[in-house]
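The structure's right below; bear with me while I get my questions together.
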Amino acid sequence: MLEIQGLDVFYDDVQAVWDVSLHVDEGSIVALVGANGAGKSTLLKTISGITPAERGAILFSGKSLTNLPPQDIVDMGISHVPEGRRLFSNLTVLENLKLGSYTPRARRTIEQSLGRAYDLFPVLRNRRNQKAGSLSGGEQQMLAIARAMMSRPRILMLDEPSLGLSPILVRTMFELIMNLNSQNVTILLVEQNIHQALKIADRAYVLKNGKITMTGGGEELLSDPEVQKAYIGARWSRQ
Amino acid sequence: MKSYKRIILTAFVILAFALVPFIVDAEKSYLVYSLFLFFCYIIISQAWNLVAGYTGQISLGQHAFFGLGAYTTALIWLHDITKTGYYFDPITMLLSGLVPAILAVIIGIPLLSRLRGDYFALGTLGMGEIIKVVFVKGGSITGASDGLHLPSAIYSSIKPYYWTGLFLAIFATMVVYFMIRSHTGLALRAIREDETSAAAHGIHVLKYKVLAFSVGAFLAGLCGSLYGIYLFHINPDSVLKLDWTLYPILMCVIGGTGTIIGPLLGAFFISTVFSLADIYFVQMHPVMAGFLIILVMKFMPNGLIGLIQRKEIFK
Amino acid sequence: MLEILNLNVIIQLLINGILFGTMYGIAAIGLSLIFGTMRIIFLAQGSMIILFAYVCYWLFELLGLDPYISLILIVLISLWLGAGIYRALFKGAVAQEDKNISLLIAIGLMFLLENLMTVFWTANPRSISTSYTSYVFRPMGIGIPFNRLMGFIMAVLSTTGVVLFLKKTFIGIAVRAAAEDMEAATLLGINPHRVNGTAFAIGTGLAGIAGVELATIYPFDPFFGFIFVLKAMIALAIGGIGSVFGALLGGIILGLLESLASFFIGGGWSDAVSYAVFLLILMLRPEGLLVRSVKKA
C-alpha cells in the first residue's frame, strides 16, 4: 500500500535519512524503531509532505506522493499524529475534532466520523466543549488519535504515541492501536518503546542514524539477540 | 582573486574616486554630488550591515543615531564647544559618533537583553520615535521642529565634503572589515547563527550585541554629522526621518547582507537608481525604494552577492 | 489648570479617548491576526488604513458618496485587495524559512504606499465633514460627537463580526488553529496559504473600516500611517496577541491614556509617553498586559 524507495532527506544541511526503502502492506501494523534522532520522525514528516525529499520515491497505492502538498496527501487517506500530539490547546475538544475532518473528502461524512470518535472515546463526548489544554495526558493522546481518525484515513501514522504516558495508559494505547487495526486501518508506528511496538507489529524496521539496519517480523525481531542487546536488554525479554 | 591583486584594485578604485573632483567641475557637477551621497550611504549601510547582517539583530532605529550625530555636530558648532573653529574638525566628528554610541549602550543593554528578533526591531522603532519627540519638543536647545541652522557662510565648496565622505566611507568599511575578521567577528556571527549555542560556548552574548549595536550607532552618527554639516539646516524632518533607516536596509539587502562588498554594491546600485530617478522622475525615489525592496525580497533575497554566488556554484 | 479640572472635563476626556481608541483597537486586531498566522509584524497596516481613508475621502469628494455608505464598498474592496496583496507579495516569502524577508516586504510596502500617496495626493491633511459629522449629542451635559460615536459602533460591530467568524466558520476555526500551531494544522490538511490569506484579508478589511473611521474623525496625511501602526502595536502590546477583544480593549486603553496625557502633559510629549509605555511592556511583559498565561498541550 505504502512504498518507499531509496529515500534521501535533508534536515537543513544535514542528511537525516539515507537511502531508505520500506513498504507497508495494507491492513498491517508496521513499526519503525530506533534510538532518538535516528530519523524516524523525519521519515514520517516526509511522507506527509511537510519535509521535502531530496531523492527517492514515495508511492501510495501506486500514486506518487513526492512534491504533493500536505493537504493533498491527507486527502488521499494518510493521517499523521505528530510527536508530542500537537493539539490546539486553546481550541475545544470538538473544534479539534472538527478540524480533523477539514479535507473535502472527510468533510462530507463529518457527523458520522464524530459519532465514531465519541463511540471509541466516550470521555471526549463528555469534554467536547472544554479546551483541549485542560485535558489530562492520556485524554489528550486519545484526542490526538481521534482527531487523526476524523479524516477517515486508510493509513494512520503515529509518532511516539506512548511518550509521556503512564504504564497503564501505554498498555491501553497499544490495545487501542490494535483495535483500530482490526477495523481495517493500516498502521505505521514510530516508537521508542521498542518492546511494545515489536509485540504488536506484523513487520518492523530498525532505523539507526538514518539508515535501515534490520527488518523482519515483529516477534522475530523481538527475539533477535542483537536487537535485545542493543535496545531492550536481555532481562526485559520476558515482559 | 589573489589578495594582493585585490588590494591593488581597491587602491586603484579609491584613487579614481579621489581624483574625480579634479577632473570635473566639482561645484556644478551632479556626479560629485551623487558620489558624495553614495559615500554617505556606504557609511550607514556598513553600520546596519554590522548590526543586522553580521550579528543578526534587525535594528529599525538607525535613523535616530544618524539624527543624533547631526544634532550633536550642530550643537557643538553653534555653541562653540570644542573651541576649535575648524570645519571638518575630527574632534567634532568623533563626538558626534560617540554621543549616539553612548546612547546605544544605554538603551541597548535593556533592549538587547530582553528582546529578540521582531520584538527588538519594534523596540528600536519605539526608541527612534521617542528620540524624535524629544528633539521636536526640545525647545530652544534643539530648535524644536524648525531645527538648528548653521551659518551658510561656512559652505565654500563641495570638495572637502566629498573627500571627507570618501575617507569616512573607507573608514566605516575598514572598521566593519577588521571587526568581522577578529575574534569579535566570530562571536558576532555565532550569535547570529544560534544565540543559545553561542551562549553555551561561553560567548557573552549581551556584551557582543551591545558592542555591535554601539559601533553601528557610532558609524551612523558619523554619517549624520557629515550630512548635517552639508545640509546646514538640521531639523527632525530631514535628519530623523525613517528613510535613513530604510535606505541602508535596502542597500544591504540588494547587495547582500553579511558580506563586506554587499553594502558597497547595494549602495552603488541604489545611488545610481536614485540619481537617475531624480533627473527624470523627481520626487519618486522613496517610492522606488519601497518598490525595489519588495522586488528584491521576492526575487533575490540574497542580494546581488547571492546571485553571484549561485552562478559560481553552477559553473 | 485646577480650576477647569472638574468631573465633566474628565468624563469628556475619557469618552473621547474611548471612542478614538477603538480605531487603534481594530487596527490591532488586524495586526494580531496577521501575526498569529504569518508570524510577521505587518508594518504597512497603518499605510493601508490611510489608503482606505483616502479612498473614502475621494468617494466623498468626487462622487458625493456618504462615508457611512461607502463603508460597505470599502470593506469589499479591502477584503479583495488584502487577498490579492497576500498572493502577490507574501505567499512566496512565507514559504521560505526567513521571517525577515516578509518583514522587509512589509516595510517596503509601507514606504511604497506612503510615498505614492504623497505623490498623487500631496501631503496636505485631509478630512471629511458632512452636514452631520460635526453634530454632537449632549446627554447630561457630556458631549458625544456623532462621528466618534459612529466610529465606535463600527468598531464594535466589526470586532463582533470577526469573533463570530473565528468561532463559527470552519475556516475561522482553522485560522485560530494555525495561529497556535501552523505545522500541526498543515498535518490535518489545512492549506497554510488559505489560512494566511484569509487572516490577511480580514486584517486588511479591518484596516478599511479603520480608514473610514479615521477619515470621518481626524485629519490624516500619508505619513500618519506609520504613527498609526506604531499605536496599533502599542494597543496590541497592552491587549495581548491571542485575544480579539483584548486587542480592542488595548486600543481603548491606549486611547484613554493618550486623551488624558495630552490634556495634562501636552500633545507631543503624550506620544513619547505612549512609546515609552510600549517599550516597557515589550521588555517586561511581552505577551501583553491583559493576557493570562496559556498552557500548551
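Residue numbering begins at 1 within each chain, and the chains themselves are lettered A, B and C in the order written.
Methods note: contacts are C-beta pairs under 8 Å (C-beta built on N, C-alpha and C of every residue); 3 or more make two chains touch, one makes a residue touch a chain.
Not measured: the values here are computed from a predicted model.
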Required steps from subunit A to subunit C (each step between touching chains, minimum): 1
Most distant chain from subunit A, judged by the mean position of its C-alpha atoms: B
Where subunit A and subunit C are represented by their mean Cα positions, the distance between them in whole Å: 43
Distance from the mean Cα position of subunit B to that of subunit A, given in whole angstrom: 53
Centre distance in Å when subunit B and subunit C are each reduced to the mean of their C-alpha atoms: 32
Sequence positions of subunit C contacting 2 or more other chains: none
Of subunit B, residues touching subunit C in the complex: 58, 110-111, 114-115, 117-119, 121-123, 125-127, 129-130, 133-134, 136-137, 242, 246, 249-250, 253, 283-284, 286-287, 289-294, 297-298, 301
Residues of subunit A that touch subunit C when the two form their complex: 48, 50, 69-71, 73-75, 80, 82, 85-91, 95-96, 98-100, 102-103, 106-107, 132-135, 140, 147, 151
Residues on subunit C engaged by subunit B in the complex (per definition of touch): 40-41, 89, 92-93, 96, 98-101, 103-105, 107-116, 119, 226-227, 230, 233, 268-269, 271-272, 275-276, 278-279, 282-284, 286
Subunit A-facing residues of subunit C, complex: 170, 173-174, 176-177, 180-181, 183-191, 242, 294-297
